[in-house]
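Given below, in the form of structure tokens, are the structures.
After this come two complexes, each holding chain A, first together with chain B and then together with chain C.
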Partner chain A sequence: MGEANGPIERLLETLTQLPGIGPKSAERIAHFLISGDRKVAVELAEALRCVVEQIRPCRECFNLTASELCGICADSRRDAGQICVVETPRDVTLFERAGNYRGLYHVLGGRLAPLEGVGPDQLTLNPLVRRVHRGGVREVILATSPTLEGDGTALLAGNLLAGTGVSITKLARGLPAGGSLELANAQILADALAGRREL
Partner chain B sequence: MAAEHAIALVVRGSDWSETSRIVTLYTREFGKIRGLAKGGRRLRSSFETAFDLLNVCQILFLRKAQGGLDLLTEARVEERFPALRSDLSALYAGYYVAELLADGSQDYDPHPILFDVALGTLRRLGTPPADLFVTLAAFELVWLRELGYSPRLDACVGCDQDLTASDGREPGFGFSPTLGGMVCRSCAASHRDRWPLSVLAWRSLRELTTGHSAVAVPTGVRNEIRQLLSHAVSAVLGRRPRLLKYVEAGSEAGGSATNTHRRWQPPKPG
Partner chain C sequence: MGEANGPIERLLETLTQLPGIGPKSAERIAHFLISGDRKVAVELAEALRCVVEQIRPCRECFNLTASELCGICADSRRDAGQICVVETPRDVTLFERAGNYRGLYHVLGGRLAPLEGVGPDQLTLNPLVRRVHRGGVREVILATSPTLEGDGTALLAGNLLAGTGVSITKLARGLPAGGSLELANAQILADALAGRREL
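After this line comes the complex of A and B, so read on.
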């Protein structure tokens, strides 16, 4: 598409580093940006520059924000007695989209994966413990992925928070609303049975 | 390209794309294999949630003729180890087992005994009354033996003389990591790398090689045995296993499966 080491090749190489973008998709996007409306390309470049320069972790919860405190931590209408512990800022977006949680968050910055070299020190566990020790928290919801690594992360966080006196809870598991028993696998059914509730 | 069936333990996994996963599996039939599971991240796929770490599953895969990743086409969970999700020391020990299987073996080099022992180890971890230290040490000894690096404990590696308990009472009795076995007092001078080993530790090690899960290892010699095994495993891998610091921290905290509510502290970095 372009000469080696030229600006187009550089753009293609950069685009292929993005998740889910292969060489063909990169070519299509690059072609659109070069041949289409120049304004879109300039706006994209400006937006990317702003994100890189301005976005940083929230001082309190480590969610991504352009200010010292993120919009959720700064919102006095949120319930400061509840902290939902998630792995990534993307998870915060998912919970906010669900729309029924009014507490605060704490972003761990990943999950405990010693096999991949991610240990407790790479996560924001100490700030979480300090936050809980400061007081005013009555419940910590451990909302990590329902995988072995996610459960291990929740287990470690739970151990570190033991003795703080706050209630430590985990997300429920089982059948999705609107789903069918026929399509549920054995693990989903086992989780649903284990987490059954009285009517 | 023929489809192959196998029973496999998931020892490593990483996301490849929004929907696919690359997994490393330790199979009973073929040893270690690495495969691509297209759609493996979707809940509703032919893999369901089979490729979560340390799951045992039945798999169907297409073997690539010339290197590269095999293509996984189906998987069904056969066994999970729920105790690992409630005891952090046991979980780290489970990860350690996975690390040794993933990094200490070659592709397509089957060791069915090692596979069976690994599953037995994972079943015992975190399950009272199993002793985590004994369970893991017994696994490490089988792993070393299966790879051809079993430490020689019955006789001196220098002079081939059988060792008896009386040898242990003399200064110089110890373990030579270079030669991979015990050295008697007479040979000690020519093996300066030897580690002094108490008679009790030596006896316990010999008992552990029998593979019995009910071996009682006195608390006083556990550190000696831990150090020796850590060194032997690191020598075979060519590096210190990532999980060793977690396993050693668990051992120091008295990591026993009967103590599932003990508060585990993360190891110091480094």
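After this line comes the complex of A and C, so read on.
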């Protein structure tokens, strides 16, 4: 519907870079944005500008925020004695949505992945250790993803925090609620057996 | 992951207004745009700005373009004797992708839908009639959608063009290639029977 390398083609190309957006979805979205009064296109451009200019990592926990301190760190009703260590800001959203955690977070900014060039220095491990050394922390919950890389990251974090005297815990492994035994692989079953508890 | 009404929430709200983007996709896209060096966020904001500022209807056919005349109208290799009348710029993309049409287009900007307040004056029917009256046109192909409203729009366009002496055609109706008879409804079968041709 236009010339090669024109503004529409450029919009299409940028849209297909987004996760989960293929050429067909990109086209549908582009036509939606271009048609009518273009209110949403203007709004989206403005929302993107704000995010790019204003969003930065929280000074304390490295969650993303528009202030110096994120809303969770700034909330005095949260339990500052607990720190839940996660890989990404998205994980914070997931825990907050689950809604039963009232402590603080620490966002590592990824997980150890030597093959992709992500070593300990690319993560916010040193600030985590400093945070714990400052005192007031009872428990550090290692909530990295249940994968080899996530486990390796948790192991390193645990080693770095050893000797600080705080309790270091890991998320439980086992059967996912709502799933069926049929869908569980050998590792899930092994975890579920190893972590079994008295009824 | 942030404060209520913050830039991230605003981005999420705008993203969920896009077609086919639910809350989960919006979150995935927002996190992707915010993380890393934010190159795609900057690119997308810029692409949107260009589209909003530069894209307008073609002077001749009302297809969307960044120039005064769209690439198809400006292409002297296209057959100016044929005009394919479609509802939206998106339809032009679909025909161009099919690749076997070499004439020009005319974008109506919608179809008659009295209940939604779309009457003949909201469509580019008068410019179409003027285009045909200017001469040089052999055939007008009415390619509105195969629905009641699309048919009504084609009927009106046909009436307006009656007496101009140009051949007025409609797209064929019948079984969709690649489909199965089982999936064809009564109207499709009736069209297929009515339009049957000698082997």
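Just so we're on the same page, the second predicted complex is superposed on the first by the 193 of 199 C-alpha atoms of A that agree within 3 Å, B and C clash if a C-alpha of one lies under 4 Å from a C-alpha of the other, contacts with A are read in each partner's own complex, and residues count from 1 in each chain.
The rule is simple: contacts are C-beta pairs under 8 Å (C-beta built on N, C-alpha and C of every residue); 3 or more make two chains touch, one makes a residue touch a chain.
Given the structure is predicted, the values throughout are model-derived calculations rather than measurements.
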{"item": "Contacts of A:T147 with chain B and chain C, given as first, second, both or neither", "value": "first"}
{"item": "Partner chain in contact with A:P19 - chain B first, chain C second, else both or neither", "value": "both"}
{"item": "Contacts of A:R10 with chain B and chain C, given as first, second, both or neither", "value": "second"}
{"item": "Contacts of A:L181 with chain B and chain C, given as first, second, both or neither", "value": "neither"}
{"item": "Larger contact residue set on chain A - chain B or chain C", "value": "C"}
{"item": "Partner chain(s) touched by A:F32 [first = chain B, second = chain C, both, neither]", "value": "second"}
{"item": "First, second, both or neither for A:A162, with chain B first and chain C second", "value": "first"}
{"item": "Partner chain(s) touched by A:A98 [first = chain B, second = chain C, both, neither]", "value": "neither"}
{"item": "Chain B versus chain C as contact partner of A:G119, first or second or both or neither", "value": "first"}
{"item": "Chain B versus chain C as contact partner of A:C70, first or second or both or neither", "value": "second"}
{"item": "Common interface positions of chain A, toward chain B and toward chain C", "value": "19-20"}
{"item": "Chain A partner contacts - residues on chain B that touch it in the complex", "value": "12, 14, 17-18, 44, 48-49, 52-55, 77, 80, 84-88, 91-92, 95, 98-99, 102, 242-243, 246, 263-264, 266-267, 269"}
{"item": "Chain A contact footprint on chain C (complex, rising order)", "value": "1-3, 6-8, 10-11, 13-15, 17-21, 25, 27-35, 38, 40-45, 47-52, 54-55, 63-67, 70-71, 88-90, 92-93, 96"}
{"item": "List of chain A residues in touch with chain B within their complex", "value": "19-20, 114-117, 119-121, 147-149, 151-152, 155-156, 159, 162-163, 183, 185-187"}
